[in-house]
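Next come two complexes built around subunit A: one with subunit B, the other with subunit C.
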Partner chain A sequence: MATLHTVNKSPFERNALDTCLRLAKQGSGILFLEDGVYGALKGTAASEKVAKAAGEHKVYVLGPDLAARGMQEDQILDGIQVVDYAGFVDLAAEHDRVNAWL
Partner chain B sequence: MKFGILVNEGPYTHEASDSALQFTRAALAKGHEVTRVFFYHDGVNNGTRLGVPPQDDRNITREWSSLAKEHELDLVVCIAAAQRRGLLDADEAKRHGKDADNIAEGFRISGLGQLIEVAIQADRLMVFGD
Partner chain C sequence: MSITKRLMYVNRRAPYGTIYALESLEVVLIGAAFEQDVSLAFVDDGVYQLVKGQNTTGIGVKNFSPAYAALGDYDVKKIYIEKESLDQRGLSMDDLQHLTWEDENEDYAEKESMHLVSREELADLLEEQDVVFSF
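After this line comes the complex of A and B, so read on.
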């Protein structure tokens, strides 16, 4: 299976998400965690490119990190799946390798 | 499956150490092996026993220590990164003529070869950092 990419920085702070989206092969897994969860929100300057990415990759967001920032699941873009830490472990195990875009 | 964990960020900085802890707990709960946790760069600051966070806050170092005790985890602190930042065990303190050591229970100081080794041995290397 493909690579799981993890993005832990807000797209409004660093360019990690842009780099990830530019280089990830089609069909990759992309997980937003920590401040990276801001990239999963509807109605932001990053929403359009993330929605497009969700059509080309499997995009996930870490639920506990959303909750820690006061965000609800209904604020998340369609096509993005919410996972918990156990789901994060499963994603890491299911993919062939994990690349952290720090 | 075998996981290696790399922590490149100090405690209470952003969230890397918390994420690494939570991931390690979840992996162990699922029956995976966590072969080694390697603390590098500012991540070595997770290994000081002299930290005194407020009582209503989490004590990240203590959480690593107790998790290591419970699951016999190998918590390794990079020696070069540790020496630069004043993290010493008893042997290193003596070797450098320092008056105290500060490494927390369950952590040990070793070299970068330990990171290379776990990267080879583990099925996945999970990187947490800034």
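After this line comes the complex of A and C, so read on.
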């Protein structure tokens, strides 16, 4: 039943995250990757809505993309799980479909 | 053996600034030949793709908007427009092309392809798909 949504754009540059959060059914998986990882950080203008989303969905962030951008795991919002590439594959396989918000 | 899948194309970009809209339309028309259960959703700036009266003579780019009217002939007859996206841009369904399809089982009666849907309805439709293509 559930959809894995992926967001690969910064929430400060594009509306991909906003539209994803607007249309994701409760209980979806949401994975931040590439520039989308900026949406997973504490203390930003997007943090409040992402923290709220983490209460309604399972939210993940791709670790290698965080590391590439100099971000540490302690900067990630509570309730967001860091996954590696194998974890990304597992998520894609566990969900019924993947909806990539480009 | 043929397996029919539910495919939804989600269009979120305005028509000429990037290639997304044209590429999406081309993929839809190619994919339609495989007799799948195809639907299109227009969300965010994607609603601008269907605005009537596009005239590209001044920008040297082909106006591909007339091609949307051919979707019905390819059996693509489920076009969903998110109401919130229209409202945000000051648009209504009257500003968009009126796309229809002909029902060969009813003496080619012209039927509605355009469906205005709420955020909640579109969220439900997305969950019903086998595959979602984003453009």
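By definition in this document, the second predicted complex is superposed on the first by the 101 of 102 C-alpha atoms of A that agree within 3 Å, B and C clash if a C-alpha of one lies under 4 Å from a C-alpha of the other, contacts with A are read in each partner's own complex, and residues count from 1 in each chain.
Here, a contact is a pair of C-beta atoms (placed from the backbone, for glycine too) under 8 Å apart; a residue touches a chain by one contact, two chains touch by 3 or more.
Computed from a predicted model, the values in this text were never measured in an experiment.
Colleague: If subunit A is used to align the two complexes, do subunit B and subunit C fit next to each other or clash?
Modeller: Superposition check on subunit A shows subunit B and subunit C fit without a clash.
Colleague: Give one of first, second, both or neither to describe whether A:Ala92 is in contact with subunit B, with subunit C, with both, or with none.
Modeller: Only subunit B is touched by A:Ala92; subunit C is not.
Colleague: Contact-wise, after the overlay, does A:Asn8 reach subunit B, subunit C, both or neither (first, second, both, neither)?
Modeller: First partner only.
Colleague: Please indicate which partner A:Pro64 is in contact with in the superposed arrangement: first for subunit B, second for subunit C, both, or neither.
Modeller: first
Colleague: For subunit A, which side has the bigger count of touched residues, subunit B or subunit C?
Modeller: Partner with more touched residues of subunit A: B.
Colleague: Thinking of the overlay built on chain A, is A:Leu102 touched by subunit B (first), by subunit C (second), by both, or by neither?
Modeller: Touch partners of A:Leu102: subunit B and subunit C.
Colleague: Touch test for A:Ala24: subunit B only (first), subunit C only (second), both, or neither?
Modeller: In the superposition, A:Ala24 contacts subunit C only.
Colleague: Could you work out the angle between subunit B and subunit C as seen from subunit A, using CA centres and rounding to the nearest 10 degrees?
Modeller: Placing subunit A at the corner, the angle measures out to 60 degrees.
Colleague: Does the superposition put A:Glu34 against subunit B (first), subunit C (second), both, or neither?
Modeller: The answer is first: A:Glu34 touches subunit B but not subunit C.
Colleague: Look across subunit B and subunit C in the superposition and give the shortest C-alpha distance you find, in Å.
Modeller: Superposition on chain A places subunit B and subunit C at a least C-alpha distance of 6 Å.
Colleague: For subunit A, what residues appear in both contact lists, the one with subunit B and the one with subunit C?
Modeller: Of subunit A, residues 97-98, 100, 102 contact subunit B in one complex and subunit C in the other.
Colleague: List the residues on subunit C that touch subunit A in their complex, please.
Modeller: Going through subunit C, the ones touching subunit A are 10, 12, 43-44, 84, 119, 122-124, 126-127, 129-132, 134-135.
Colleague: Help me check something: in the complex, which residues belonging to subunit B touch subunit A?
Modeller: Subunit B residues touching subunit A: 1, 3, 8, 14-16, 19, 22-23, 25-27, 29-30, 32, 123-130.
Colleague: For subunit A, which residues are in contact with subunit B within the complex?
Modeller: Its residues touching subunit B are 8, 33-35, 64-65, 84-86, 88-90, 92-93, 97-98, 100, 102.
Colleague: Once bound in the complex, which stretches of subunit A touch subunit C?
Modeller: 1, 3, 15, 19, 22-25, 97-102
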